[in-house]
Every structure is written in structure tokens, then in C-alpha cells.
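Going by the order they are written in, the chains are A, B, C, D and E; count residues from 1 in each one.
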Amino acid sequence: MRPRLRLVAELAGPLSLVVVVAVAGSAMSIAQQGNAINVLVTATIVVALYVFIGNSGVWSFGQISFVAVGAFAAGLLTSPTATRQTSMPTLFKFLATTQISNTESLVLAAGLGAVFSFLAGLVLMRLSGLSAGIATFAVLEITYDVLTYWDKIGPGATTLALVPVTTSMTVGAVGCGIAIVVAFAYQHTRSCRLLRASREDPVAAQGLGISVFRHRLVAFTISGGLAGFAGALFVHELGSISTGQVYIDLTFATLAMLVVGGAGSLWGAVLGGMGLGVVDAFLSNAENGVAFGSVNVTLPNGMRVVILGVLMVVVLIIAPKGVTGSREFLERFLSKRPGRAGAGNKPGGSLAGGASVADDGSQAVPSPSRTQS
Amino acid sequence: MPDQAAEGDAVNLAGSGDAVGGAGAPPLSGSTGGLVCSEVSVAFAGVRALDKVSLSVNRGEVVGLIGPNGAGKTTLLNVLSGFASTVTGSVHLDGQDITHFTPQRRARLGLERTFQHGRLFSGLTVRENVELGALAVRASSRSARSIADRLLANLGLEEMADLPVAQLSHGDQQHVSVARAVAATPKYLLLDEPAAGLSEGSMAELGVVIERAIRESGAGVVLIDHNVDFVLKLSDRVVVLDYGEVLAEGPSDEIRRNVDVVSAYLGEAGVEDLAASQAQ
Amino acid sequence: MSWVSDLVNAISLGVVYGLVAVSVGLVFGVLRQVNLAQGEVIALGAYSLWMTRGLPVAASIAICCVVCVAMSLAIQVAIFRPLRGASALTTLIVTFGLSYALEAVWLIAFGPNGEPVSMLSSLNSVVLGGSIALRWITLVEIGASGLFFTGLVLILYRSKIGMMMRATAEDFQTARLVGVRIDRVVTWAFVFGGLSAALVAVLVTVQSPLVTPSFGFNLIVIGLVGVVLGGIDRLGRATAGGFVVGFVNSLLGAVVPEQQLVFLPMLTFLFVIVILVLRPAGLFTPRGSIVERV
Amino acid sequence: MNPLLRLDDLRVTYGRVVAVKSVTLEVNEGQAVCLVGPNGAGKSSTLLAVMGAVRSRGDVLLRGTSTRGLRPEALAHLGVAMVPEGRHLFQTMSVQDNLSLGTLARRQGKRARIDERWVTELFPIIGQFASRRAGLLSGGQQQQVAIARALLSDPDLILLDEPSLGLSPVAVDAVFEVLERIRGVGVAILLVEQRAQRAIRFCERSYVLSDGEIRLEVTGGAVEDPQAVVEAYFGR
Amino acid sequence: GASTSSPGGSPSTTGAKSPIIIGAVIDETNTMKPFDVPALNAAEIQASQINASGGVDGRKIVFKVYNDQLVPALTRSDAIAAVSAGASILWVSCDVNFATPAIQVGLQHKLLTIAPCIGTDQMGPSLFGPAGKLAFSYGNAPQSDGAVLARLLIQHGWKTATVVTDKLLTYFTDVCQNFSTDFAKMGGHVVSQLSYTTGDHTVTQVASQAAQSGAAATVLCTTTTPDLPAFVTAVRTLGNAKPIVGPWAIDGGFWEPSNPAISTNIWWSTFASVFGDDPSPQIRALEAEMVAKGEAPVTGGFVTGPAAVQGIVTAIKDAGGSLNGTRLAAIMQTFHDVNTISGPVSFSSTYHTVVGRPYRIIEDTAGKPHFVEILTPGPLGS
């Protein structure tokens, strides 16, 4: 009973948060709706990060590359071919002429993200710790460099404009929901459980027969797929994209969300993504001035970032495992209480019963079985 | 002494464990069976940790491995399980040459080990740790869970099943790491000082769990421990290692009687342990 | 002869990043934690040079040192003390948050344009002219960082405090048990960290005088890449790693055809990936030494 | 006269888990006292609490003065050394460096009773492997270095948490010999051991700890009533 | 919400007529602040003067300002907020990449969308397709920047040049490319083409090569990033004291090392001199007013703000008071030498960014930038 309840809560918690944001967002002004959609899309990216980072315990600074690839692919192929040919004359022919629907672009972006991350993962997934962090960061830099300067595959250093804006509140919410369901389903696979164990002690995992590389690669690929998908949502939310938007700033912003929420749980990822997203949106409004009743509060320009940074630092110092403690929704209440206060009367019935050594009395200090204490 | 070791080597090279001393448990498999390493040498920065050591263990048999600190016991276990880096010689598992297999691959062939120093998944709970032992090889989630529950009950750990292992005392952690290895229902089980730091009662429980694993899955066990009594009790055959060489080898009884041979190793503490059990 | 000047330039850039790497490696050497906010210490040091531009050079440098050490210590008290024992990556993320916030503070305080520091700009003049173009600053950098580095290595590996630092790095709980007053030790590490930041601030602003809000972050990111590339465990390896990143980047920049130069970052980072995949523990970490006992 | 160490109603909890309920005991100068008990009884927790490494309630008095609020390093400098459970060497540092770190807490102006020559003689492997990285030694070798490191601070009181863990029988003998010798020069010992029999025989006073409580006190090293010890282990 | 300014002070006396709301989505925090804010400040002064003299057919111009902080999603939602707040003209940041999310909102709502100082020629149909007909920038097209620099070199007898391109932005590449073509056409000779990308750490290297190339002048297309002072320092200390010439993006002088031996013989083109010596009294007055308000502009780009306001007003008047974006845009596209404070402004169906407007040439001598002359780039392709 309990385990099933836990499972339901684990999925229902994050999903209901999506619904709350979507519903609350829809009730707001049209400009604020944009912010709410952005919160949903950003949370999708955070979920994608979580699938790899949260489950493998390896920090990747490269997931935004997959977002970038997804965003540019989806954006490019849905933008009008006519302007593509005038504003991007150097494009490869098939990129200049192919036109796909927005839905197709979501699928394509997810696929590309998965393929790209799979290939990168083949090379990188043997690394751990800081080396993995730096190597994935290198992937981000490389992706950025190529996308910015190779004008045969995209707009290069200029903006990709005229992408159809189709990520409505509903699409954003459904997209985020899909990512959450995928992440949830994945984290209950055998592969993921083994991966989660291996992050605690890779050597012991090897000894048990767990191929850390293989399971990491699976997580990396799924994460890359979700990231590409999120990239497509992102580009269809903004209607345009330039490489600077899917680079270091977004990387660190989403990582911050993940850590603040709690990198070890899906609930943490979603809560962190949505929570910081909302705070961010609020702060940016506050820089333009918000009215609290009759009092008009305006934050000095630039304070948004200061506050976000400080918030992140403070949360992590107080709660290094994030505000959720890296636990799933309601996990604390639904799981059996650990702890055995007093360690007292344990049920007996040990099969050993101190049989061979302790009972013969021949020793000066026989040590009876612990279980009988 | 060197003669004896050499003889043991020669016999083991032939690949049949039961020839040694003759008193070991009868092997379950044919002459190609068993976990066998032959003429293994390992050196670290010029220092020989193992020098042409051969060892074999058959299904259903417990081979004790004793020897002074630094004798090379753990290194030998590393060789068997694939964790040693520089190896000459070969390792075979049921006739298959596994010398160059990774630890993962060996584990999937049914070779499980414990580590001298914990190496539990410290953030996970006791139950999860044990379940993973089963899950890592082949078991489904459900069967892993039932295996874990049974093992924990056997060890009297069910009370702690939902605690993170980091919160367990040292002795309890030792239990969990054995349970994790046993949960994989291994063909061969390599235990590195599982009884270190256990009170004698807990040690007895441990003995029962090991015996049960042998009974149920016919596992062959290599058991390292410094509690000679514990090792002799459980083992069919005992190998004494010193300075990377096999110093003596034979059935437990023989080693037990042959206190002289190993007094260099046993010292007062060992003799005391032995005396206690001989009084039985 | 242009390859000579390319080489000189490459060495010069290498030395800068070597020095940044010392700065990062030092704190890591004591705490096994990464301090990304070290970049902001450097930035503040550089801004202090600008603010004291009216003063004599020596006074300006002295103030820069004081400012850097003070800020370094403040970071230690506010961030590293509460996070003692946390993993390298946790502190990486936390100190990232801090740099993020501090960068915004610089933006508010000093504006996005940047402020030029022209102290010591005469050091840019050439020692050997012609096609070699060896500058005084390059020599000063090599000399100063060589001295600083040697000093640190002596302290870390030859002195008692150094031994305590290494012990703290390894296992601070046990270090306490044997009587290491770790608060003091850590404080010293941050003092040295602050000094190295000041040194970086002074030397870098000679060649690259404009101090912008992202001044420190840009340096530290590449520095960190270098540190990990070289082998973060040892100061020497980390420093060499920093040097290599700078050197390789600069050399590639000279070799790559002008049209393809935009792909220089790609090439540099490809190099980083290749090295990391081949030598995960660092380019200069001997193969044998990473074997972990199981 | 005050005892060297006195634990007064010591209590250690980890969150909701009570590891030590109530422990009161004394160790006099130059005396060996041991703490035995089943796994999970709270022995390690008791030692850690003495060292100030975990939070505790109750009082720990060193030479009659409370050590409340003192950190481990401060206690080390007051002449308390500890051999923690399991290997806690500085793995990447050489054996020699590990030992040098042991001498940090030596009090100045006092002639050391225990020096490096002394420990090298007791543990020959130390001389043999002095320049080797400590992490590469075998388990038992590391344990010996850990004991040597603690001794080198020339403490008045040494806390040993299962010093025989992972040691071969001869090495265990060596450890007890070492303990004998340091007791001989006036070092007080608080010992936690699973080799209960031997520990009790060695010590002037022994306590059986179970479920975080002292169940039995044995003085004089001889066990008159083994049955009582058994019961103490079981918990009455 | 957003900060609303109703320049002109006194409450409207014209009563019923509703104001013309310009929604400005700009950066007041980040790296575009030095460009966006002075342009807006100057535009507000201009608007207040218009308002004071009766407004546009009695309607006041009101700016509603949103700080987008260069965050893409925010840029978009700010633009939406501006539109829903009744803006009939959208005013965006001076970098086309950062501004696009806002621009597209404006275009989608068929508003006249104006950037005061975007310097690429993308603000228009070339990037935004047919919808881009509504988009204009009052900045100079890179073609003009390049052409005027070529003219500057020729005029001063610098017949050979080393061209250094920072590949960071399309704008830089465009300027240098246009310079090279025009320079060659005018009889100059490009000795060597060098490039780097801001932040790729090769600037010292490139500077060494440039210093030794032997050309009469070095043309550098970049902005005031950390690499610019490093470049200048490196070139000068290698003993090369020849002119270094750059486009508007290096205007301001604030970046120059205070060493007078380094910061000398540096030339650039700009919209107006911010060093107090601009030949136009109008501009000097405007500048003085801004300084008095504590809003001293950093670069000459600020005049594009009031110029844009003047252009908008002209278009509205021509349209008979209509605020219909399509109509206004159609009129604006036909601008030919429309007089503004920044000089004559012309647009065409290909160029929605200003071409052919006269430039101020500034020279920095020993750390003191000063106005030198006015140069007109001449018709494109000459």
C-alpha cells in the first residue's frame, strides 16, 4: 500500500505543480502569461538536466548544448523558407529548403538531442567528477562555437528569427508534463536504479557487475533527448533564438535551479525549476517596479541577479541537498520512519542464536549475538 | 617450506583443487570447473605482492586464506575479481579464461566479492544495498526485494532495513556488505575479512549466512580473515600466504593441528583463538 | 622567425593561466574544494587598482593585496566554513552562485563599460624587438609566478604548515584528531589564495588593462579547465595544466588559418576533451599514481 | 585526586537515534580501561564524544576540567590521542608524513616518552615503508601506522577504537605489547575491543556496554563470573 | 508594470487627445546599457521639447520603459506588456540579437518598431521577411561605417592598411568587409587581413602581427571589450605609433589606458562628439542638458534617440496623425534626407538602417579625444 502511494505521490507532486503554474499563469495578464510559459519551459530543461545529473551524480555543464541543438534544428526547419534563403544564403541546400511542422520539429529536436548526446556520451561517460564536469563544459563551448560560426548549418552569429510561436501555456504544460513522466518512468527502470547506486561508490558497483559506463550513457542519452525537446519548446516560445541564449548563462541558471531544488530528486528538479523561475520572474518585474497595494517597490537595476545568486548560495549552505533535501514529493511522510530509538527490544529469532561460539561457555567472555540484545 | 608451496602450485596448475590434501569438499563440477588462478604474480613499484601464486576453489567449497598483514591476500582477491592492475599468470572460471575480463564481466559470470573496507552505497538504505546485489546481476525488482528481505532477516538486520547504511555501526556495515554479495546468488564468493570487528555472536551469524549461501547456491567461497578460528571452522581447505608466496596449504584440520607451521603467523592471539575452539 | 614570436606569445599566455591555476589549485590543495569565486577576488583586486590609480604604484599594489586577502578571507568565513566537508562540485556550484552575484555587483558598482588600469603599462615595452617581440611583462610574469610558485611549493611540501594543509585536504576530521588547528590552516590557505589573486590582478591588467565585470570569471573558467587538465591534486600539475591551456590556445591561434580562426575555441576544447579522455586524472598525473586500492 | 578522564552521564544521539544513553566511567593516570560490547552498542560513539568529534550531552572532564565545547584539535593538544575505527590515514601522503603529523600535538617543553625510534622498533613495517603512500599499504599495515601516529603525539591518554581490527594475530600481539609498554611509561588507555577476553585481561577496569548503557563493570582484569558478562552483553 | 515618463512636465492641457505611447524595451542593467540608456534619455528630452511646443498635433509623446536586462523571455514578455499597455510604437535595444524577441512582438502586432542605434542592416525585411517592413533603425549601416573609414584613410594619405576584424559580431565583420572593398576602390591597399574573436585570447598575438605589418594605418573593427585596450597597448608598446582607426563601436574614450604614449593617434567615426566640441550647437545643447541631468552620454550614439523621435514625428505628421504601423512604415521607408539632429536620414526598401549620413571623426591625441572633421561616406557602392 505504502509503496504504491509513494509512487503515486512521486509523479503527482511534480505534475500538480505544472498544473498550478499553468492555471495560475493563465489567470494573469497576457505579458505575465509569457513569463509563466517560460517557467514551464525552463522547468523542462531542468528536468532534462536532472535525468542525467540527478541520477548519475556526475555534474554535466554540457546539457545546454543539446537544448541548443534542439532549439536551432526546430527553429530553423519551421521558419519560412523564403526568408531563410535571403537571410541565410550560405545554408546547406536541404536546410534551406526543408520545411516541417511544429509538432514534427519537437520530435526531431528530441531525436537530435538524443543522438548528439549519445555520441558525446560514448566519448565522455567514462569520466567522473571534475574531469567530467570540465569535459562536458568543453562540449558546451564547442557546440556554441560551431553553431555561432558555421553558417552552413544555421544562422551563425545572427539571430534566427521568424520561428512560429506555438508554445502556448497548454503546450508548455503538456511538454513539461511529458518530460516529467519520462523522467519518472526512467528512474524506476533497473538501469537507473543501478546507476543511482553506482554514483555512491563506482568501485563497489563494478564489483557487483554494474557497468557504470553503459547506465550513464543511457541516462545521458535520455537527458539529451529531453534537452533537445525542451530546446524546441524554448525556440517556439520565443519565436527566435541566438546562440548566446543557449550558452553559459542558461547553463548556470538551470543548474542553479536544479541544485536549489535538490539535485537528487525529480521533485527537487521541478520545484527548483518552477520555484526559482517564479522568483526570477517576480524579481525582474520588481526591477520594473511592482505595486504592493499602494506601495510601489522598485528594485535597483541589476539587483535581480544579485538576489538570485545570494539566494542560491544561502540555500545551498543551509540545505546542501536543496530545499527538498533531494527527496521525492511527500517521501518523508510516506516512507517508513527510519530510526530505532533506543535500539532496544529487537525481535529475537535469529537463526544464529550465537550457536557455535557463544553457547558452550568455554570462553571467559562469550559474546552473544547482537540480535538478542 | 618452499617445497611445499611449489608442490601446491604444481598441483593447482593442473587445475584440480581436490587433489590438494584430498580432504576438501568434493567439487560439484568436472575437472575444468572451479575458480582457478595459476602462477599469478603482481608487483607494485618493484615490490612483489604476489609471486607465482596458484589457488583454486570449487563450487561448494570454502577455501580459507590466512597470512600476516601485507602477505598479499587482498591482492590475490583483487586478481580473482579483476581489480588488480598488473597481472601475470591466468585466471579461469569454470574453464573459461577470464584473465582479462573486467570486474563487471566477472561479476556477471557469478563472481562476487566484498571489500576489506566497506564500500557500501552509503547514501542508500540497508535494504537497497542488498537488493542491488541481486539487481546488478539479473534479478527482477520483485525477486531482488524478496532476496534482500530474507537475507536481512537472517542477519537480524530487518529493523535497520530502511536506515541509510552510513548510520550503521561498523559491525552492522560488515554484515550488510556480505549480504549484498550473497544476494547475487554467486557461484563464487570472495570475502575479504568479513568478520573483522564483529563481536563473536555476530560472527556466528555471519558463519551461518555463508554456510547457507553455499548450501543454497552451491557457491565456492574464498574467505580471508585474521580470526583463525573463524576461518578454520568454516573452511574445507586453508591456504597460508606469506610475503606473496604460499607458505602452507591443506585441509583445515591439518592446519589446525600443524600449529608449528604457522606459529610465525598465529602468535599468542591466534593460538588463543585456536585453543578456545579446540577445547570444544 | 614569426614562430619565435608565436612561441613567446604562447608562453606569455600560458604563464598567465598558470598563475590563475595556482590560485585555484591552492585552495583546492587545502580543502579539496573548488573556489570559482576566486575570479571575483581577482576582479575586485583589479578594480582596486583602478580605484587607487592616483596613488604611487607600490601603494596601489599593496592596497590590492590587502583587498584581495580580505575578500578571500571573507569568502572563506561566509562560504567555505559552513560548507566544510562538502564535495568539490557542491562548492563549485555555490561559489558559482557567488561569482554570479558578485559580477552583478560589479555591474551595478562599476558599470558595464569597464575601467582601464594603466599601472605599469611600461612593462609592455619590448626587451627584444624585431620579429621576436619579447616583452618585459612576459619576463616579469615568468619571474614573479616562478618565484611565487616555488615559494608555495616549498611551503606546501617542505614546511609544517604545508603538511598540515595537505592533511586537511585529505581528511579534515582526522586532521583535527591529530591536532591540526584546521581553522588556522585554512585561513593561511586563503591568505595565500588572496595574494595569488592580487598577483594575477596586477599582472593581467598590465597586458589587458580594461577591467569589466566579467574580468575575473573569464580568467577563472579557463584557469579551472587548465587545473583539471593538468591534474588538480597537485599544485605543480595544476599549474602546468593552466600553462598548457594558455599555451596550446595561443599556439593553435597562430597555426590555424585566418579564415578558420573562429573555430579556435572549438579546437582548444577538443584538445581538452582528448586529453581528459586519455588521462582523466590529468595530463601530468603519472599513470600509475591514480591506482586506487580497493 | 581527580581522575585523568571522567565521563559523567554521557549521552550521544544522532537525530532520533540514541547511540549512547548514559555512560559514566573513569580512567586514572597510567591506567588501562576498556569498553567492550556487541556491535552497535555505542562504543565508537563514546570515544568520539570524548574527543569532541560528535556532539554529546552529559560531561567529559579531563583532569577535573570540563572539555565542553572543545574541538578535537584542542583535545589533541591537551594530551589526548585517538586511533579512530577503520583506516583513517592520510591516504595520499607518505607514511613518514603521517607520522610527522602525529607529532603535531606534542606539548612543548616536555621530554617525549615516545619517539619515532620507539615506534619503528615496535612496528617494523614503518621503517620498511616510510616513503610509501599510506593508502597503498595493506589494511593491517595501515592500522599499525594509525596506532603509531597516535602514539607519536606522546599523549597522556590514548583512545583506541578497535586497534586490532584487520590485524593478523602476531600483529595483535604486537599491539598489546605496545599498549603494555605505553602504560608502563604512564600513558592512560581507553580501549574499545572486540577481543573482549584479551582486553579485559589486559585492563585494570573494564566496562561492558550494551544498547548505549554500561551493563557491567569488571575490575582487576580477571573475570570471576563469565555468566554475568554474558548477561551484560545480552542486556538484562 | 513599467516606469512611465511623461516628458514635458505639466499635465496635458490639450485635454481629450490621447498621448502617443512609445513602449521602450531596453537594457538598463547589462552590457547594452551604455548604448540604450543615453539614446533613450536624449529621446525623452527631445520628446519633452516636442510636447512643450504642443506635441504632435496636440498629442503628447509618452515613453513607457521596460528593462529587459537582455533576458530573452523577459524581453518578449516586456514587449507584450508594452503592447498591452497601449504602446503604438515599439522601441527596442540596440543589438539585434538581444532585441529580436521584442521586435517580433512589435511586428506581430503591426506596430512601427524602432531601434535607435542598431548598426547592422538587419533591422528590416532582410532578417524579418515581409513583416520586417515595419522595422527601422536610426543607426548607421555598416556599409556606411566601412565607407567613411575608407574615406578617412584616403583623405589623410594613409594609403596602406592592416585590417583587423573581431569576428564576435556580424556588425564588425560587415564594417571591415565594406571598408576593405571601398578602400581598394579608392586606391588604397590592404596589406594584411587579420582576425580574432573577442575572448579567444589571441589578441596580443594579432596585435604583434599588426604592429609589424608596416601599413600606414591599422583598421580595427571591434568594440570596447577588454581586448581593445589590450590591442592598442600591445601595438603601441611594440613601437608602432601609426594611426589606429575604428568604427563607432569604439567611441567614448573611457576604455583608453591613461598612458598618453599608448592612447594616441587613435581615430574613430561617430554620430556626435561627446567631448564637448561637436560642431552642431543643437547637439552641444542637448548634451549639456543631459550632463546637467547627470545623464552624460558615453558615446555619440545618443543622438540616434532624438533622431528617431524626430523621424517618428515626421512620419506621424505625414500620415495625418495615424498611428497605423503599416502606414507609418511605408512613409518612413521613403525618407530621403529627412532632417534630424543627427543629420539627414534616408531609408530605402533595401536599407531600413541609415546610410549616407555624415559622420564625426574623432581623434585621440595623448589621451584627449577631440573632434576633427565631418566626413560623409558618399553614396553606397561609389
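Basically, a residue touches a chain if its C-beta (ideal position, glycine included) is under 8 Å from a C-beta of that chain, and two chains touch if they have at least 3 such contacts.
Since we're looking at a predicted model, the values are computed, not measured.
Summarising the inter-chain layout, the chain whose CA centre lies farthest from the centre of chain B is E. Counting C-beta pairs in contact across B-D and across C-D shows that the higher total falls to B-D. Set against the C-alpha centre of chain A, every other chain centre is closer than that of D.
In terms of their C-alpha centroids, the spacing between chain D and chain E amounts to 76 Å.
Taking the mean of the C-alpha atoms as each chain's centre, chain A and chain B sit 42 Å apart.
Separation between the centroids of chain B and chain C, computed from CA atoms only, is 49 Å.
If you average the Cα atoms of chain A and of chain E, the two centres end up 40 Å apart.
Within chain A, residues 149, 203, 207, 301-302, 304-305, 339-340, 358, 363, 366-370, 372 each touch two or more of the remaining chains.
Of all residues in chain E, those that touch two or more other chains are 29, 167. Counting only residues that touch two or more partner chains, chain C has 107, 262, 264-265, 292, 294.
Residue ranges on chain C touching chain D, taken from their complex, read 160, 163-164, 166-167, 170-171, 173-182, 233, 292-293. Touching chain A in their complex are the following residues of chain B: 81, 83, 102-108, 112-113, 115, 119-125, 128-129, 132-133, 135-137, 140-141, 154, 156, 159-160, 162-164, 167, 171, 180-181, 184, 199-205, 207-208, 233, 276-277, 279-280.
By the touch criterion stated above, chain C contacts chain E in their complex at residues 2, 5-6, 9, 12-13, 53, 107, 111-118, 121-122, 124-126, 129, 131, 133, 135, 207-212, 215, 218, 222, 246, 249-250, 253-254, 258, 261-262, 264-265.
Only residues 44, 66-71, 73-74, 116-118, 167-172, 193, 196-202, 226, 228, 264-273 of chain B touch chain D when the two sit together in their complex.
Within the complex formed with chain C, the residues of chain E that make contact are 29-34, 167, 193-197, 199-205, 208-209, 211-212, 224-230, 233-234, 236-239, 252, 254-259, 262, 298.
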